Each structure stands twice: as C-alpha cells, then as structure tokens.
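The data blocks that follow each hold one structure.
Consider the two complexes below, in which chain A is the common component and chain B and chain C are the respective partners.
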Partner chain A sequence: MIRILALAVAALATALPAHAQKKYGPGVSDAEIRIGQTMPYSGPASAYGVIGKSQKAFFDMVNEQGGINGRKINFISLDDGYNPARTVEQTRRLVEQENVLLLFQSLGTPTNSAIHKYVNARKVPHVLIATGASKWADPKNYPWTMGFNPSYQVEARIYAQHILKTAPNAKIAVLYQNDDFGKDYVVGLKSGLGAKASMIVREVSYEVSDPTVDSQVVDLRGSGADVLLTFATPKFAAQAIRKVGDLGWKPTHYLTVVSASVGAVLQPAGLDKATGLITALYLVDPTDPEASKLAGMKAWGEWMQKYNKGADPNDQFHVNAYAAAWLLTEILKACGDDLTRENVMKQAASLKDVQIPVVIPGIRVNTTASDFATFGEMQLGRFDGKRWVPFGELLSGR
Partner chain B sequence: MPLLPKIAPAPLEPTLGRAAMVVLLLAVLCVLPFVLSDYRTFQLTQAVIYAVVLLGLNILTGYNGQISLGHGAFFAIGAYTAAILMDRWGVPYWATLPAAGAVCFCFGFAFGLPALRLQGHYLALATFALAVATPQILKYRKLEDFTGGVQGIVIMKPDAPAGLPLSQDQWLYLFTLAVAALLFLAAWNLLRGRVGRALVALRDHPLAAESMGINGSLYKTTAFGVSALYTGVGGALGAIAVQFVAPDSFLPFLSISFLVGITVGGLATVSGALWGALFIVYLPNWADEISKSAPWAIYGAILLVLVYLMPGGVAWMLPRAWALVLRRIRSRGGAGPGA
Partner chain C sequence: MEAFLHQLVSGLAAGGIYASLALALVMIYQSTHHINFAQGEMAMFSTYLAWTLLQAGLPYWVAFAATLGISCAAGMLIERVLIRPVEKAPVLTVVITFIALLVIFNSVAGWVFTHTVKVFPSPFGAGLLPRNPFMSPHEFGSIVVTLAVLVLLYAFFRFTPLGLAMRAAALNPVSARLSGIRVGRMLALGWGLAAAIGAVAGMMVAPVVYLDPNMMAGILLYAFAAALLGGIDNPLGAVVGGFVVGVVENLMGAYVIGTELKLTVALVLILGVLLFKPAGLFGRAVVTRV
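Up next is the complex of A and B:
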C-alpha cells in the first residue's frame, strides 16, 4: 500500500515539471520575445508617433532590468503613415517576416480596421490597440483583438449616469461628429439613459468637412436644453465651446476625453469659456501637483528622466504609452513559460482588478473571456480654468 | 517656361534584344512568387499595381505633358468601384476591373474637358483640388450607404481557382501580373505609333502639332481618360490586394508620390513605371528602418540624391550607364572596333 502511494507521489512529481514545460509560440525563445506594432511616425497623425517611441523607451528599461522572466523584449515598431494600405503591408511583414508573437498598441481606428480580419484569420494576438472604438471588444466574432483605451460607449454611459444622478429632469442636447466615433458615443449615451432616453430633446451632427459647428450650436440652444454633450474631435470641440460661451448659454457641458487637451482645445476656445466643462479621466495628469505623490508617478518620472530623455514631461501621451506597455508586461509575466499565442490571449482575457500605476487609483482593468472592455470605470473631472480637477466617486460604465 | 523637361520618348521599336529582355523579365517575375514568402509576394503585387498606375500617369504627364497631382483620386475611384461592386452586389473580383476602368475613363475624360483650358501650373493645381477633395467626399453622409463612411469597406481576398495549388497571395500576384502585362502591351502599342507621336508633338509644340492636323482637344482629353483608366484598374487591383478601402488610404500625398514615382522612374518611358513602382513601395520602408524620428527627411534626402545622380530617371540612366560600362570593358580589351 505504502509502495503504491510512493509510486503515485513519484508519478505526480515527474508529471509536474512536464506540466510546467516551456511552450513557445512564434517569435519566442529562451532569450527573447518578439512583439510588433504599427505606428504613424509619418503622415497626418504623426503627432501620435511619440507613443511608439515612448514605448521603445519603456521596453529598454524592462530589458535593462533583466527582461520578463529572463527574456528580453524585442520591440519592432514600424511606420504605417496612418495609411490603412500600409498598415496591412507592415502588419504582414511583422507577422510573416519578423515572426512576432503578438501585435501591441497598433494605433488608429481605420488602420486597425484594415487588419482586423487578417489577424483574426491568422490567430495573431492583436492586443491593447490604441483606439477607443467599441468594436474592438467583440470576443465572439474577433477573439484575437482587444483594445486598450476605455471605449467611447463606456465613457458615454458614465456621463449618462452622472446626469441621471445629478439632474434627473434635465433636457439633454447632443452634438456629435457624424462617423463611427460620434455615433459610438450616442449609442452609449442612450444605453446609459435606458428608459429615460427621452431626456434627449435634440441631437445634431456635423461633418468633418463642415467649416464650423456654429449653426449646430445655435440649433441646440433653441431646443431649450440645459445639459449639452459634445462628442467632437478637437477642432470642432473648440468651436463648440467658444460658440456656447458667445451665446451666453450656460448648460452643464460634458466634453469627450478625446478633446480634453488643454493646449489643443481649451486654450483656443478660451479658458474662461472652458471653465466648468466636465470630462471623464482615467490616466493620472502629470501636471497635477498631487500626481508626484503617487508611487506609480514617481517611477514614471524616473523612467522619463533616465530612458525617455528629451520628451516633454507634461505630455499625457507618455503616461498613456507607459500605461499600455506596463499592462503588456504584466500579461507576459502571467504567461510564465507558456508563451504561445493562445496563452497570451487567455492571460489578456483574465485580468482581474489590475491597477496600472499611472492610472487613477481605483480604476482597475478587468477582462474575461466574454468581455474584452479593459476599463469599465472612469473618474469625472471639472476644468477649473487651468487643469482638470477630479471630483466625485469613480463611475462605472460597463 | 515649361514645367517639364522636353524629353524625347524612349525608343519603343520591337527589336530582338528588347523582346528577349521582356521575355526574360516576365519569366523572372513569374518565378518569383514560388521562391519568395507570401509577404514578399504581397509586396511585389503592390509594386506591380503601382507600375500600372505609374504607366497611366506617364501617358498623361510624361508623353502628353499634362501634369496631374490628382491621380490618387482616380486610384480611389477605381478602388471604391471594385469594393462596392464586390461588397454590395457580389460581383466577382475579376469582373470589377473593366468596370473600374470604364468608370475612371469617364471621370478622366470629363475632367479632361475643363482641363483643356488650363496649362502647366494651373492644371497641376486643378488636379490637386481633386486629390484634396476625394477623401472628404468619400466620407459624405449621403454616400455612406455605399462607401461605408470612415469605416471603409472590408472585402474578401479571392482564392485561386479550384485545382490550382497556389496560395491566395501567389494567385493574386499572378493575376495582377497578367493584367499588368496586358496593359503594358496595350500602352506600348499605343505609344510607339501615330498616337504616341501625336501626344509628344502636342506636348512639345501644341501649335505646330495642331497645324499638322492633330485634333488637340480630342487627343488631350482622351489621354486624360486613358490615363485615368489605367489608374482606376490599378486602384481596383489595390483594393483587392489590400482587402480594404477607406478614405484615409487616399490622402493627397498619394497623388504626389505617383508623380514622384514617374519622375524617379523616368518620364516618357514605359519601363520607368517599373522602377518608379519599386521606389514607391520600398523606399518608405527603408526610410523607416533608418530613422523613426524623421522618416520623411530620409525619404527627401534619397530623393534629392536620385534627382541629382539620375536626371531624367532610372529608365534613362540605366542604358547610358550600361553603355559606359561596355565601353570601358572594350577599351580595356583594346581589340574592339569601338575602342
């Protein structure tokens, strides 16, 4: 009997290491993990190119500190000029020529749309991509694609919640850009309001080709609304804020986080007119005097100084880049020695209450096999004339 | 002052040596997909597609002297014609090419009519307007049902016909190559004869040409139409190869890079289209590998070097360089009659 037990124990003992044996997908060896990315280093969206460079600096730090479970990150970031045709070419190069394990933070909605089918047919992890469209969280049809930014719909539902809580009898007006970006927000807003969607008294759209949105704003004011939501890209958001101020209209004004840049939107619109605007935040603002007290932001500051020299420390893009790269290293650490493409997706889809050090404390990443929306909570912030000041509790838009 | 150098068109007579070269080139091009990876084959497919486009632009700009900064628009129209036909009405991919060509011919011909009144810089500006407007028109709300708006249209990549042991990329490459060969043959036929001479005459001496009895407006508008046709077919092939069209694929820079392509490849040459296409496909990738901070600066520097070292383009310099090498070899041998 004892002998049988001993045999069983011995069998178990030999079985265990077999289970923990190394399993490698493409681009992985004992020494390195290859990951790929497309980024607009040139072209109309080249302002975003700093994200790719910043992430290179992040992986430099990871590698200098010994890599992930002893493996160095070989980060291959290629220019696609924000041209979907080149995204296809460069992505195929990454997958078929460079043999990368996964694609990480490829940037842009039209560009990622162009490779959506390809990566899913090839079963290449296409994770933490840099766009907020809700279509990336569709694990049923596209189990290999996962976004990083909070989805536009999540953000809109948070505004809806706040309105229901603070002004349940409000009359709501909506200004949105007539494309999938703007429409995503309107869908989210209506689902957030639920049965009370009739609170929306007027919704008006504009085209990216329109010279101004002045007439739309006048139209919205005429509806008698006392709450305004502006789902517009930076140029049009600035025009809307200015026009609302010029008209002497004083609605509670919510602004999409896409256009929350102080330098690019609020200053041109007029800081006095922008005061009182509300938006939803998820990253720590590096210009916030409180920020440097957070341990995560301290580490971020040291990394900026040592590895990302010459970059603007007030630029939120570096916080964004750091947050996504940090999350990827967590996923890869969780993979252990099973670095197959299947396991990468499995680990990416089982993040539980992960607090990214440069994300506002309390906002945690949660994913499951059936829900790929990384962020569910956001923090409302109000513009005080200088910067966005967080207020109230975290709200959930899941 | 003319905007373009008056380059005599490259000789196009069918000599034995030239025929041998073409056959050899075609043979090599046919073998390539079987030795290269699928990704490299896909890249070559793109190069062949751009070669068709550049050939079309060269008919207009190189041979006829009409500068177009708007061929990206015809490329987009061709691409969208193919995508909409496949996506909405389930038309087979090969059948979209004639349709794209026809649509673009009509657009090109129609645009050629007002363009008759414009010359040089003004024509360049008018065509540039087309390039600037196209991406926004494609996003226009009333057209969204067809164009898919900013989202664009995703199309399926064609499989090789049943029974052929080819991958999708290999098949598409060979298909594209066959179409391109056909179009090159047609262009060569068109340009080496009376029509080609008329186009060049209109470019160099419009008055003299017309007094010789050449119908200037007919030739010029037709050149516009044919040029757009080539570009449209290229656009359709491009859409099928990339499996996706979106307004952001057709920004104004595309049109400029076409013009850069024919200038680098060789104005008023047929073979220049091939060199220009290789330049368009591969140079941005090299530039990106050299520097992430300033890929366009590298692109610009290489462009400057090429313009200085190879005025007239690669297609003009290669035969001269070759002749130079031959002469050196002969003079070193000391026995040749040419020494």
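Up next is the complex of A and C:
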C-alpha cells in the first residue's frame, strides 16, 4: 500500500513541471549556460587555436553585457591537439563530467568524425562545428550535428558555375588532397559541371606524407589544361602556387578558401606568383578599406580592441570566430527559457535569412529541419597582389 | 618527352633531399649501429636554428656555419646525456629513447616556432637555370652540396687520423680502446657529425618544402629506404640509394601506379631490400662466426 502511494506521489511529481515555463537541459541553470568545445591549441593544426581564444573573448563580452536572457555563458574550451583520439577523450569529459548543454565549433574534419556517432547516440547538440565537410549536413542520419563553414561541395559548385560561365571550353586540371576534405571538393566540382564533367582532363591527388607536390604539378601541366583547381591544405597549396609560377604555366587558378590566407600561404608562395588566383569568400576581409564602413565590422573592431587585445586585427580567423559565436548567441536567444537539447537543435534548424554582421552582406544563413547546410552563397574574389578583391555577383552552390 | 624530363629531374631533386638525410642516418649507424629515428626532427630543429640566426640578420653562410657548429655540439651533448645511459640497455630501450627524442623535438619546435609554414631562403637564388628549363638553381645547388658532403666524408674517414680512429672505434671497440682510442669520445663525435650533416640536409630541404615542424616526417621514410637500398653502412650507397629512390618513386607515381601509392614504393623497397639483399646494393654482408 505504502509502495503504491509512493509510486503515485512520484508519478505526480514528474507530471507536474517544477517550473511552469522554464525547461532546462544539462548544464543550464537560472545563472548560466554551460557549453563545451575541443580546439587544437597544440599539434599540427595549432594555427587554428586562435579561434578558440577569440571565442572566449566574445563570450566575455556577452557576459559583461548581461549574458543571454540573463544567463552567463560558461565556455569550456579544451585542447585536443588535432588528435581524434584526444577529441573523443575531451568530448566525453565535456559531456559526461562537465555536463555541457551543447558542443560548439569543435574544430577539424578528422576530429569531429571521431565523435560524430558518439554525440548523436548521446543526443548532444554538436553545432556550428568548424569544418566544411558535406557530411555534417545529414539531418536524417545525424540529427544532432550541424556544421558552420560553407560546405566544400557548395564552394566547388560555385567554381564550376564560374568556369562554365567564363570559359565553357576550358580544359580543367585538379590537384586535391587524398582524404575526405579533398574528395568532397572533387565530388562538388563534378556535380557542378554536370553533363560537362568531361571538361576535367586530369585529376591528381597527393598524400599529406608527400614531401612536395612538385611532381603532381608537372603532371597536371603536361595535360595541357588551362584551368587549375587546387584543393590543398596550406603548406601544399603554397608549394603548388610556387611550382605553377616556376614552370611558367599560366592557368586560371582557383584556390580553396581553406588555403586563402595571405600570411600563411600566399606570402610563402610568393605574392607575385599568387596574383590572379581566384577563391570563394564569405567573411568580410578586415584588411579591406571598405570593410570598416560596415556597422558589423565597426562592432567587430571595438570588440577586438576591448576584449581581444594583442590579437592581430588583420587575421581573418578572428572574423571567423566572431561570426560563429555571434550565430550561437542568436540561437540561444531564440531558445528563450526552453534551454533543452531538443530545443537548441530545433532553433538551430530554423534559421531564416540570418545576416551575420561580419559576413559579406547578402550571404545569409538558412537552415531547415531537412537541410542543415548553413551557407549556400559565396562571393568570388581575385588576389591582386595584396588582398582578395571581390568581383561579380554572389553565386549560389546549394 | 618534355613532361618525362620534368618528372626525371624533379625525381633527381627529391632524390638529393633523401640522399642528404640518408647520409646522416648512415653516419650514426656507422658509429653506433643504431638507426636514429629522431634524425629528421633533429635536422628540422637545426633548420629552425638557422632560420632564427637569419632573422637576427646574419649573412647566409655565417648562419650556415654557425648552425653546423651548434648542431654538432648539440648532437654530442645528446649522445652524452641521453644515449650514453642506455648504451648497454636492450635494443627496445634505445629505440624508445629515439622515439622520445622525435616527439620532444617535434613538439618543442611547434611550441617555440608555431606551426605556420615559414619561408627559408636558398643561397642559390630563385627561378630557373639559364640553360636548363627543368631545374631550379636551388635544386642543382643542393645536389652539388650533397655530393660535396659525400666527398668530404669520404676524405675524412679515409685520410685523417681522427677518421681512422672513428672507424676503429665503431668496428672493434675493444681493440680500439686497447690501442688508446677514446671510444666514448668517438661515439659522441659520430653523433655530432650526424647532427651537422642533418643540419645541412634541413637547410637544403627547407627552401623546397617550406619550414614547419612536420617537414621531415615524410622525408625520413624515403631516407630510410635510400639508406637501406644503398647499404646502411655505406655513405656512397646512401647517396646513390637516395637518387634511385627519388627517381623511381617519381616515375612510378607519374606513369605506373599513380600518386596514391608513391609512399608504398618506398615501403616495398625497404621490405624488398631487407628480404632479398639485407646488406643493400653497396653494403658489406656481415658474416658472424658462431
């Protein structure tokens, strides 16, 4: 009898919501929202570590201005050294010990691949992750994962459109890294060219263990192509640009936005050899003299001065970090007092025409429950020897 | 035909790189009978040292000479401090010490100098050779440097008393000690020389592959293949092996098996040599009486 009574009380207690309107998932209270992240502060990709530091500075600003609907952000960013095994370890720590509400901007394709199944099995929001692989936009099989960067396939389709428009009889050569990252681009390029995929006369891959890609570039030149697409990570991209220049080859050369850094790629390759390169942009370039006129970039500049002191104001990574963190705060604001994991995903998947203040005006974020690809448009830019100069209209690669 | 010549020359240039690191491997093997897995990372670190000196405004050749000197001293120091205590330990202990060195050098370089690629200047200038459209002055220059190092090494071991003492210490430590040679000192010197040769290799490689903490990771494997192919105890063999590996790998990659399997060529070479001709093309077969 007593047991039945106890059960009835327990059932009643669960049926009655403790707070009438407020619904909280793990890591949330009236005072704070706890969010987690893994970031390569050490190891081969540690150049990206500034993104995590920069986002810490962004949330410092949010907290100083009163937080999100009165709740402070407790941002826990852990080092994974770009090592997938450590990503798993650190993510489990975030989810199981720190009890974070969500994972935000964890960086890298191999690293996020390692936790893809885990976070979806545990139903932890794994949102706005810092990689452009197309596999993050798969809400049917992985409804808890969403990327931030424009997908590599979207970008490749934009290059394909531009080639079809400006050089319909071109002979295309492709240099790509032989992994998920490089292959995604090749898939996107072919789907963008559609029936004209036969324009590709030669595609050559390299391994990250190769000392140089010189031999590959020689091979591609021998194919007689007049358009070259380089889908390579920074060091190999720099080698390829230099070798193309040394050979005296003058193709129309498209370069993945991943390697579009002036300081880390184009300068080592030689600015004269990099002049004329084409890439697809989505963030505002902080070195663009026009940029400071945008209201969003003014706010960005003030934040850099006040909260991100000592950071290089010409470094695009800080724009990238700001853009993603800004979008997360929008999602959390939209959640209101229903801060459950389910509602976070629901709000993240119902972004409509959101213009991030530091993203090129006109490029808007759109997501639905069946389409998790954040960005569909990009802006082509040409390198003029100093910086990327935008040209033409926005192109859509959806 | 033009493309073929390009591939051939680009293979020779890569071969020069492998050869110079293979020389350093042979150097250590000759004096200690161990393969130093940290050789590539030590060379990378020396190159950062040279880069730092150049950033400080030293002229190229002064920085070059200073780097050789410092690397040689550091190599001897490493032998004294880290290798000497495990000299008599089982092989596995030594191997793990080498791997520890590899990880330490790699991480410290990343920590101190960051992972952003850096441009390392070439003393031979940029562009292409005036009469040879296939090769850059740097590629040509670095091949000459590798051959010069080989000749110097040969002369050192063949014609100087110190070289003779080093050979004796490696070949028969007991007899060498009995005839008054300081065997310990010779071992340290072997490490120092290997570190200096590695530094030369690093400074020749960096202008081609860019300077970053992982620049030697891929190269070391090819250098192993080169050293084994030529005979791990023969400097001339290491250099010939380097060029052969470079050219074969490049031509196979371009025309036969595709770029995806280039590294496999090196691994197959290593296995093949170990299985069928363990002494390599130029090495002496060691016969032990039991």
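One rule holds in what follows: the second predicted complex is superposed on the first by the 378 of 398 C-alpha atoms of A that agree within 3 Å, B and C clash if a C-alpha of one lies under 4 Å from a C-alpha of the other, contacts with A are read in each partner's own complex, and residues count from 1 in each chain.
One rule holds in what follows: a contact is a pair of C-beta atoms (placed from the backbone, for glycine too) under 8 Å apart; a residue touches a chain by one contact, two chains touch by 3 or more.
Since this is a predicted model, take the numbers as computed values, not measurements.
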> chain A superposed: clash or fit between chain B and chain C?
Replying inline: clash
>> If we overlay the two complexes on their shared chain A, which of chain B and chain C does A:M61 touch? Say first, second, both or neither.
In response: neither
>> Between chain B and chain C, whom does A:R92 touch in the aligned arrangement: first, second, both, or neither?
In response: first
>> For A:N178 in the superposed arrangement: first (chain B), second (chain C), both or neither?
In response: both
> Counting only touches as set out at the top, which of chain B and chain C does A:S42 meet: first, second, both, neither?
Replying inline: both
> Looking at the overlay, what does A:A264 touch: chain B (first), chain C (second), both, or neither?
Replying inline: second
>> Going by the contact rule set out at the top, does A:L394 touch chain B (first), chain C (second), both, or neither?
In response: neither
> Just chain B (first), just chain C (second), both, or neither: which does A:S209 touch?
Replying inline: both
>> Quick check for you: in the superposed arrangement, does A:Y118 touch first (chain B), second (chain C), both or neither?
In response: first
> After fitting the two complexes on their shared chain A, where does chain B collide with chain C, if the options are 59-67, 149-157, 185-193 or 239-247?
Replying inline: 59-67
>> Residues of chain A that sit at the chain B interface in one complex and at the chain C interface in the other, please.
In response: 42-44, 178, 207-209
> For chain B, which residues are in contact with chain A within the complex?
Replying inline: 37-40, 42-43, 46, 136, 139-141, 149-152, 154, 238, 242-244, 246-249, 251, 253-254, 284-285, 288, 292-293, 295-296
> What residues on chain A touch chain C, complex-wise?
Replying inline: 42-47, 178, 204-212, 214-216, 218-219, 221-222, 234-235, 238-239, 246, 263-265, 267-268
> Inside the complex, what are the residues of chain C that reach chain A?
Replying inline: 2-3, 6-7, 10-11, 13-14, 17, 107, 110-111, 114-119, 127-128, 136, 205, 208-210, 212-215, 217-219, 221-222, 250, 253-254, 259-260, 262-263
> Okay, in this complex, where on chain A does chain B touch?
Replying inline: 41-44, 49, 52-53, 56, 77-79, 81-86, 88-90, 92-93, 95-97, 109-111, 113-114, 116-118, 178-181, 207-209
